[in-house]
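Shared between the two complexes below is chain A, which pairs with chain B and chain C, respectively.
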Partner chain A sequence: MKNKIKCAVTTENISAIAVFVFFLLYPMLHSAYKVLNMANFLITVILALSLALIWGYTGIFSYAQAAFYGIGGYTYAIFCKNFANPSLTPIFLIAGVLAGFLVALVLGYFMFYGGVNDVFVALVTMCFTLVLETFLAQTAGPEWAIGKAQLGGFNGINAVTPLTFGAFPVKGEALYALVLLLVLAIYLALRIMEKRNLGYCLLSIRENRARSEMFGYNTAKIQMVIFAVSGAIAALAGVLYTSWGGYIVPSAVGMTQATMPVVLVAAGGRKNPTAVVIFTLFYLVLSQNLAASGSQYSLVILGLILLLVVLFVPKGIIHSLFEIIDEKAAVLLKNGSIRTGGKANEQKNP
Partner chain B sequence: MSKKILELLNVSKNFGGLKAVDDVSLSIEEGSLHCLIGPNGAGKTTIFKLIMGIYPPSEGKILFDGQDISRMPTYRRVREGISIKMQIPGVYLDLSLYDNIRIAVQKYVSYHMIPSEINRLISLVGIEDIGNPLVCNMPHGQQQWLEIAMSLASQPKLLLLDEPAAGMGPEETEFTSKIVKRINEQGTTIIFIDHDMDFVSKIARRTTVLHYGKIFAEGTFDEIHNNEDVINIYLGKV
Partner chain C sequence: MFNSIFNYFYQFLDSFSFLIIAVSGLAIIFGMMGIINLAHGEFIMLGAYIFTILAKASVPLVFAIALGTVFVGIFGYIVDKLVVSRLYGRALDSVVATWGISLLLRQGILILLGPSIPGLTTPMGTFAVGSSTYSIYRIVLAAVAIALLAGVYWLFMHTTFGLHSRATMQSSTIAQSLGINTGRMYSMTFMLGSALAGLCGALYAPTMTITPTMGQAFQNDSFVTVIVGGANPLIGMTASGTVLGVIQSALSMLFGTFFGKIGLLVVAIIVIRVLPQGFSGMIEKHMVKGKR
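So, the complex of A and B:
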């Protein structure tokens, strides 16, 4: 067995290339408004990938991704309001990401070292999200200010400075390019990690936490660190969103926002980042079109999708499609030279 | 006299009102092949879980290599040199045989040494002929052998085997006994639990009988086999 990472010809890999080529060509084929809109969708893809890391890879069902998203956004906005210097915004971005990381680290420490696992993690993180939303929503009074930044209650913080590199504000296509680059970097990191020691370690914890400990893994520490990293990724999405829209409000931390990545990741295929990217994009385009005819329709569809997925395709719609196509292709190409990733294939000897 | 690798000193474990392990003191010599037997509910698996740190003892001390490990977390006990094969195989069904062993191995060798270490463990257990199937397609006996290979990845000084031959036919049991003897001959101390007396008679050098969480008898297999009280507890007379 060689320890090199192989890139097999699978439906997943072909789809991934197609999707990223589509993203790359998108600004050339669409208006500035649509590009900006797609940048927002890609920010949600980052949020969904943060959940794929903690839930899909590590088996920890977190409801707190929206909370970390909000922490990142609020931190960035508070710094921007206190230091009216656009050239410092990259540092504020790092501060936002660090805030998400540290809050997740502390929360993760108490949960995983305290022996909280499985459904109780979902409950604790849900409560954390609810508390944060409730707290932020009641900060309308003038006493709720951090330095010059008024938290603003339901109205949140507005007129936030966009990310600026030197004298160059990251807006429009530049913001799109930055977000796409970050999506690609996170996606590739997850895919590469899958076949490295860390990927196998997380898989081991996801499938059988108690047994992993008996192989010498410090599961509580690994869970805490991965939870913190996923919090940092969610916070990054929050910072980008705040820079994109110039505002951050408590509803960004609300239960609807917290539920969305859960459904997107579950419906796409939580163990498969390509499926998560594709389904997130598909859903956001669909829901925006539906929103034009009635804003609550998209939420109804979101709930319906979750119900159907749980009942009929627990592995996720896109992930299951990948498997079906790979297995059909394996049968068709049985005597060919293409190596597919379908489960039906005999595993290659090392 | 050989060095004591493991000592249980007056260890008890209570679950509410139930005393699953009651004031057990047990010494295991380095390099020995020791068997724990007893009727269901005697506390054998609980003792294994106490040694691994899955449960903390309610009373008493556990010493490993002279060090008190009573409050040490499981992963640190593994790193100190204790390993276990559980009663129900803790293998990863959706992965291949190699990937299963890789999970166990990667913690203890450098990245480029992983393939050769996997092959070493496969040879040590003697399962080269199985190939590399998905574990969900492997029969129960092969899954047990795979788990023994995985439990050897940390190169333990002490290996705990909870019913290594459970659910196996005569040929598989024979193969398992050879695996256990081979591992022991290479210097690993082994404590195992089994109900199959033929299997126990083939490999155990010393046997401890547990009953209602207490040590009921201890000696060589022949001594235990001919002990009337032991026969009676297995038949339910004591």
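So, the complex of A and C:
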């Protein structure tokens, strides 16, 4: 038991606790505006974690996370426009998540049962995202309406009712708390799964699909279900975003938005959810400050980060940092009474 | 009656040549190296920019097309040396890296040259069949597409380069042990694929608005064509270009351009479900069966 606790003392876990304590204390230390801003960042963290699940754990490069995000957001907005009663919004949230889940399930069925391999999954999901964006952007005319909801072309759907529990609208700090809770839940689910059979199964599919299949796993089914779950998580982020801002537009599905989770997850460290959370936070704060000095360079910076990371730190910046610090700490504490966990320690005590 | 048949045939030729010319560079790189060049659309855009700038400076059209092809080819060689050659054997990473390149190119051109530059009008004028008029240039493009297929066939089947590249495609380890410099073959292939992307951009520049995002119009269609075609660039390109050309032109005529594009995606998803190896996988399988 004691040994177990000592093994859990890694840079990753310490940083994870620090980050979540920071998130928890944030609303007490900052203005309402900043808290709302941070809530938006946390929504992007959910989107990034959905990609970490499908790409980092399962090895499926999905470019469609933004599409599922948009599907969730649009579903929520369409329901809100058709039924004015705000107390029904939690049901619409579930409907949005379910829509993302089902679309991903169908797309996943065609891909994984068709034996489509990694690069082709990237292409199909990319085409899917492109077509969805093109479709939504050309829905400006009045004939594009679902019930009372006008899809509205480039302008999207505006003035969407925020999420409401009973008579209590989830706004400001309440929204922040809800989003933080969801981030924590998804993050913990990912971390716990890592050490359970399901997680090992996903990792084995990532490392060698054919071999996992030989061991008797129905890889196509697992891939399809995980793809659908990650679609549902992305859709959840979309619903929260729509509720947060009160609007959803086609550019939420567009190129920049679709690239963002890929960059965040790749640059942070796709196999490591903690690294993803930290890098997402770091990047969003940085890019918001950069945006003041000229947003046309933000795509250039995104592209450059992507290129440099793939070439020089394929594991991801934060993930590599974790490993380096773990190793250094292990060397420093070699003769001390405290032992650290992590990779360096495992190698010494097999 | 004849008019509507000719009209359909013309639409088909247009879709077919568009798909073939747009996909050739991508298909050769994919077939040979297993890499999907996500910056393909941006390479096409680059070719279009070089062509338009040269043509505006009153360089003859044919030379402008040739120079556009050569410049993008050289650019592709540089990209290969700097980035892609470091990622051989890491297909997914190369997808992410080329995606980074495409973002850089698109946004870089936007910052340098603004949201659009004035294009040329479609050269060569029109001809009339019945009451409708058609562009001669589109017919020329169809001829170019067929010439391109013939050229690729000749290159891969009747030259030393083709022999070496087919050997590398089948088994790079054995090809290497027989004295073929596979790294160089990959570089050459990437350069060739980029040059073909440049050619595509130069050929289609007079028919389109020249913007930094114009590559995306090609990107989607060419990805779908590669997916449906499968690994063999020659067979796959021809078969999927024909089939998708028929479907796209029919849907576009009946329901409009947008449904043509949606139709392509739906067909692609169904084809990969039924034929995971694409058309070339199916055709090769049947040919092998026939020989046994």
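In the analysis below, the second predicted complex is superposed on the first by the 329 of 350 C-alpha atoms of A that agree within 3 Å, B and C clash if a C-alpha of one lies under 4 Å from a C-alpha of the other, contacts with A are read in each partner's own complex, and residues count from 1 in each chain.
Criterion: contacts are C-beta pairs under 8 Å (C-beta built on N, C-alpha and C of every residue); 3 or more make two chains touch, one makes a residue touch a chain.
Just so you know, these numbers come straight off a predicted model, no measurement behind them.
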Is A:F110 touching anything from chain B or chain C once the two structures are fitted on A? First, second, both or neither. second
Larger contact residue set on chain A - chain B or chain C: C
First, second, both or neither for A:T259, with chain B first and chain C second: second
Considering only touches as defined above, state whether A:F120 meets chain B (first), chain C (second), both or neither. second
Check whether A:R211 is in contact with chain B, with chain C, with both or with neither, and answer first, second, both or neither. first
After superposition on the shared chain, which partner residues are touched by A:L311: those of chain B (first), chain C (second), both, or neither? second
Give one of first, second, both or neither to describe whether A:V45 is in contact with chain B, with chain C, with both, or with none. neither
In chain A, both chain B and chain C touch residues none
List the residues on chain C that touch chain A in their complex, please. 34-36, 38, 83, 86-87, 90-93, 95-97, 99-104, 106-108, 110-111, 216, 219-220, 223-224, 226-227, 258, 261-262, 265, 268-270, 272-274, 276
Please give the residue numbers of chain B that touch chain A in the complex, ascending. 52, 54, 73-75, 78-79, 83-84, 86, 90, 92, 94-99, 102-104, 106-108, 111-112, 114-115, 118-119, 131-134, 150-151, 153-154
Report the residues of chain A in contact with chain C in the complex, numbered from low to high. 61, 107, 110-111, 113-116, 118-120, 122-124, 126-128, 130-131, 134-135, 138, 255, 259, 262, 266, 296-297, 299-300, 302-307, 310-311, 314
Chain B-touching residues of chain A, taken from the complex the two chains share: 1-3, 197, 200-201, 203-204, 207-208, 210-219, 343, 346-350
